[in-house]
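Some structures are shown below for you to check.
Shared between the two complexes below is subunit A, which pairs with subunit B and subunit C, respectively.
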Partner chain A sequence: MLIQVFQQIMSGFAIGSIYALVALAFSLTVKALNAINFATGDIFMLGSYFAITFLLFVKIPFWLAIPFTIAVVSLIGILFEKIAYKPLYRARLGRSEHHIILIISTIGTGIFLQNAAMLIWGPDALAFPPLFSKEPIKIIGMLLPVEYVWVIAIAIFFMVTLHFLLQNTKIGKGLRAAAQDRDTAALMGVNLSLADSLTFGLSAALGAVGGILIAPISFAHPTMGLSYGLKGFTAAVIGGLGSVRGAIVGGILLGILENLVTGFISSTYKDVVAFSILIILLLFKPSGLLLKPPQQKV
Partner chain B sequence: MNISKLIAAVLIVFVILGFWGQAFSQSKGSIKLGSLSALTGVGSQMGQSQRDALVMVFEKINASGGINGQKVDLSIEDDQLQPTVAVNAAKKLVYRDEVLVVFGTPNSPTALASLEVTMEGKVPQLVFGVAPKITQMNNPWVLRVTPVDSILAGHLINFAVNEKKLQKLAILHDSTDYGKGGMASAVEALSKLRLKPVIIESFNNDDVDFSSQLNKIKNSGANGMIIWGLHVQGAHIMNQAKKLGVNLPIFGSSGILQGNFLELAKDSAEGCYLVSYFSLDNAEPRVQAFVKDYRDKFKYDPTPVSGLAYEAANLVASAIKKVGQDRGKIMAELKSVRDYMGVTGRLSADNKGEMGRGGIIVQIKANKAVTIWSSK
Partner chain C sequence: MSFELFKKLSWVLILLFLVSLPYLRVNIYNLHVYTLICIYIIISIGLNIIFGHTGQISLGHAAFYAIGAYTSALLTAKLGFPFVLAFFCAGIVSLIIGLGVGAATLKLEGAYLAMATIGFGEIVRMILIHWERMSGGPAGISKIPDPSFLGWQLHSAQSKYYLILFVTIVAFICYRNLMISNYGKKFTAVKENILAAQAMGIDTTRTKVIAFGISTLYAGLGGSLYAHLNCYIAPDAFPISESITLLLIVVLGGMGNILGPILGSIILIEIKESLRMLRDYNMLIYGFGLMALMIFAPKGFSGINIFRIFKRVFGKKI
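What follows is the complex of A and B.
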């Protein structure tokens, strides 16, 4: 029984760390630009497809496919910011309909990416090449597929890297400054246009990592972004939208919770429980688990 | 002769010619039948294979002198996979072409829409869709040639219990109507054998992690696993079962052997059993003869829908041969079909119009589906 609980927690941890990466992708743009990017799920989908493409058609090793995929998808993220976001942001700055226009633009981009993927890779699901051993790893009586261990390790590596990047580098400090107060940051010499592009690039990179990691567990298909986008967003809200640590905690918590519900109740109630918690949290602690409620300045 | 007399004379000539023409066409006569299916657009492959199988059967009949000396005239309509178009196309067949029988459609929503038209026009319609509702509308003019899921689930359970001697079966199904219906049918088939599933687990179609369900099944003491779901999820489950060391024999629904299943599951599918009703490698001579004729004529492999349409065309032809061109009698004749052995297995009509009783079991060997059992 105890082993079964641990087993559920471990596979929940693996899926949860993928949710956490998507949640981070959401949180970064929210924190920096106060904008929810609804194409995040589709950026995630691109991560899966490019990883499979690099492995299957370009035939490069897995460790090399990760940076290549991240590079390509980040570029797409930056391009997206330049074409579909910045012009609208500039044109509508300060107007009341500002946010709705930006959100619709991100939804449109998502639809565009889905259909582009369908044209390029076809509507059928695409399988990841069998890179990992089919023999599961045994840890204290638990059986864990090898790729789950890899997923957890790689996800943690990228989360630590992100933390280091934001806290200890000049670029990271600039990004955080721009997020805190755009005008002051600009006066202090932060290039806002570059900061916005970098934020989108970084967000896309995190989504891509999530997509790369889900590929060996799942198959890639053009509409896969929808459910992961929703789960990632839920995780971000649970943890506190805009908080880096909150996104990680929220994602892993959601993954574990889902697996425990599936394991001990039924998979039918998996989403019911996840979204009930979201609603309860929004009612009683709308700022999320890890964010302090916003202080109204007088 | 004034102008009104001239007009009257011309009219009389036309009326006489008209009667004569009609009399001529009736004496010489042709048997009018209709095909309704999607021929254009996404998902038209099924509809095209229906049309091709019908054309094949009736061309052969016409070449050998027709039915009772009368040629078959097949009207072909395209429903574009849209219920509204299907209704109009069915109206054309029923009222303009005045067909005796409508074949189609292989797609349930368009079948349900067109059935309203044929029921009103009192025209027998032979449907290839699988939705349970098709035969549950108190429609005396509908027949379904396809073996439905409850029939296929029965075959799968019988195969697992009687042929493979496995009595402790686990059921894993998706949470859609398809999966739940299959699960209920499997449970019913088991209870007829005085058995119960040892565990029933479900999953959602967007799930990627099935380890909870698979571990529960592994610990339940089951010695076989029924999966009722679609091809992507089927491949997923088989991949993960292998990785989690769940090495139970797998018995899968007909929804699994679709699309690029073999490509997605690769060697995880090796050895699993899947239920279906039509397979190209079925060694039955009648199936092989049909497959050969079809390939020679159309240069592509017949699909399950081709098999169903072939079945339906042959049944209708022999019914007309026996009772003539009377819709009511044709319907009664088709409903009296018992134990007809066709390319999709046994057909026996009941009073609701359900005909398909067949089923085969294929096993995946070296990433290919091989027929290893077929129902009697």
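What follows is the complex of A and C.
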């Protein structure tokens, strides 16, 4: 019984690290631009599809497919920023109006990406070629699929890379400065336009990594974005929207909880549980479990 | 001729046109589309109350639409309720759930509220798909009886059109009266400046919840009409994109514009119908259009007041 619980927790950890990547994708744009990108889920979906395309149709090895996919999807993310976000940011609108318009514009982009994927790859679910042996490996008495171990390893690798990029490089410092105070950062010589593009590009890259990692576990289909996008957002809210550490903790917590529900209650209602958590959390602790509630200014 | 008289006369003309519509265009399919537009008008009036007038976004309105449709369908098909009773029950059930959801979620703002309402919409859709004994699962409920009214069975497309047109007109008049009443002013106050509204002694939370309740009442009533129009419903009919369509109707028609829901529904549903020819490219162009619209015309058709234009063009002489 205890072994079983641990096994569920470990596979939850694997799924959770994918949610954490999506949550990071949400958090980056929120932190930097206070903009929630509703197309994040669909960018995640593109990650899945491009990985499958590179592996199945271009036939390049897996370790090469990852950087290629990330590059392509990041470019799409930057293009997205140039076309759908920047013109809105420039328009002189009131704050509340700007939010609503951004929501609708990003939803529109999401619908566009979804249907473009449906046209290119067809409406049916695509399976990922089996990469790893089906034989599960044994860790301290638990049986874990090899894929899950890889998923955790790759996700952690990219999270560490992101952390390093944000904390230790000049680009990261610029991005953080722009997120903290746009005007001052601009005065200090940060290229805001470039910083915005990079933020969206990074966010898309994280989404793409999530998409690549989910592909061997489940099928890729054009409408998968909504469900994973919502889960990623839930994870981001659990940890505190806009916080890097919060997104990771939130994602892993959500994955583990969901897997425990699937394993011990029923799999049909796991999504219901996840979305209920989102609503309950938004109600009682909208700042997340890790962040302090913000002081409201008049 | 005074302006007031002109206004009344044009309303009469519009009404005459709407009543004679089934005889002008006999095509059954077109008539069905017009009936659908009427239903969209009812639901988007509801959404305009909460989103356009009160300024609180809801991306879960398709869920209330679904709740109304399923309530009405279950009551008539399984329990044998008469249509009129089921119609009002659908509205009331939706209203009660809406008040609950509103009381819970309306503390939130902006994108957080959007996400919470999306979450609620998805929960409702999951329940409809998985709770097969109640909802019939993915196959939905078929054999919903035609609406009956004072002993008449309405099963022709024309009679359904008249019924739904009548409900739409009543719904619109109620909406207009609500908006020029005290409550309408309160809604606007909450939207414009919540702090100022509080300072004026308005209970803003209560106002928001009431606005949400009324808006879900409209959605439930519209859902009931939809169920009895098609005599068949399934969870597929109420996806999240339906909520987005409703939101778009309100934005297109102009947020907080009383004629907005009518304008928006006609424009958007006609656009969607004409895009249908493009088949697979349909939703692609729709999504792109949504984005382009927000960039080039973020305020929709708001501010367009037909009567004011007439007044400006013709002066006071007409």
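FYI, the second predicted complex is superposed on the first by the 281 of 298 C-alpha atoms of A that agree within 3 Å, B and C clash if a C-alpha of one lies under 4 Å from a C-alpha of the other, contacts with A are read in each partner's own complex, and residues count from 1 in each chain.
FYI, contacts are C-beta pairs under 8 Å (C-beta built on N, C-alpha and C of every residue); 3 or more make two chains touch, one makes a residue touch a chain.
None of the values given here were measured: they were computed from a predicted structure.
Enquirer: For A:P145, using the defined touch cut-off, is the partner it touches subunit B, subunit C, both, or neither? Pick first, second, both or neither.
Expert: A:P145 sits against subunit B, while subunit C stays out of touch.
Enquirer: Looking at A:L278, would you say it contacts subunit B, subunit C, both, or neither? Reply first, second, both or neither.
Expert: Second partner only.
Enquirer: Let me test your reading of the model: by the given contact rule, A:H221 touches which partner, first (subunit B), second (subunit C), both or neither?
Expert: first
Enquirer: Check whether A:S267 is in contact with subunit B, with subunit C, with both or with neither, and answer first, second, both or neither.
Expert: first
Enquirer: May I ask you to decide whether A:N259 touches subunit B, subunit C, both, or neither, giving the answer as first, second, both or neither?
Expert: The answer is first: A:N259 touches subunit B but not subunit C.
Enquirer: Kindly classify A:F164 by the partners it touches after superposition: subunit B alone (first), subunit C alone (second), both, or neither?
Expert: So A:F164 meets neither subunit B nor subunit C here.
Enquirer: After superposition on the shared chain, which partner residues are touched by A:G110: those of subunit B (first), subunit C (second), both, or neither?
Expert: After superposition on chain A, A:G110 lies in contact with subunit C alone.
Enquirer: In the overlay, work out which of subunit B or subunit C sits against more residues of subunit A.
Expert: C
Enquirer: Residue by residue on subunit A, keep only those touching subunit B in one complex and subunit C in the other, then list them.
Expert: Touching subunit B and subunit C on subunit A: residues 227, 268, 271.
Enquirer: Flag every residue of subunit B that touches subunit A in the complex, lowest number first.
Expert: 175, 201-204, 206-209, 211-213, 215-216, 219, 232, 235-236, 240, 242-245, 259-260, 263-264, 266
Enquirer: Can you tell me which positions in subunit C touch subunit A when the two form their complex?
Expert: Residues in contact with subunit A: 55, 57, 104-105, 107-108, 110-112, 114-116, 118-120, 122-123, 126-127, 130, 195, 240-241, 244, 247-248, 251, 280-284, 286-291, 293-295, 298-299.
Enquirer: What does subunit A use to touch subunit C in their complex?
Expert: Against subunit C, the touching part of subunit A is residues 36, 38, 83-84, 87-88, 91, 93, 96-97, 99-105, 107-116, 118-119, 226-227, 230, 233-234, 237, 268-269, 271-272, 275-276, 278-279, 282-283, 286, 298.
Enquirer: Would you mind writing out the residues of subunit A in touch with subunit B in their complex?
Expert: Those in contact with subunit B are residues 4, 7-8, 11, 14-15, 124-125, 127, 130, 134, 136, 143, 145-146, 214, 217-219, 221, 227, 259, 262-263, 266-268, 270-271.
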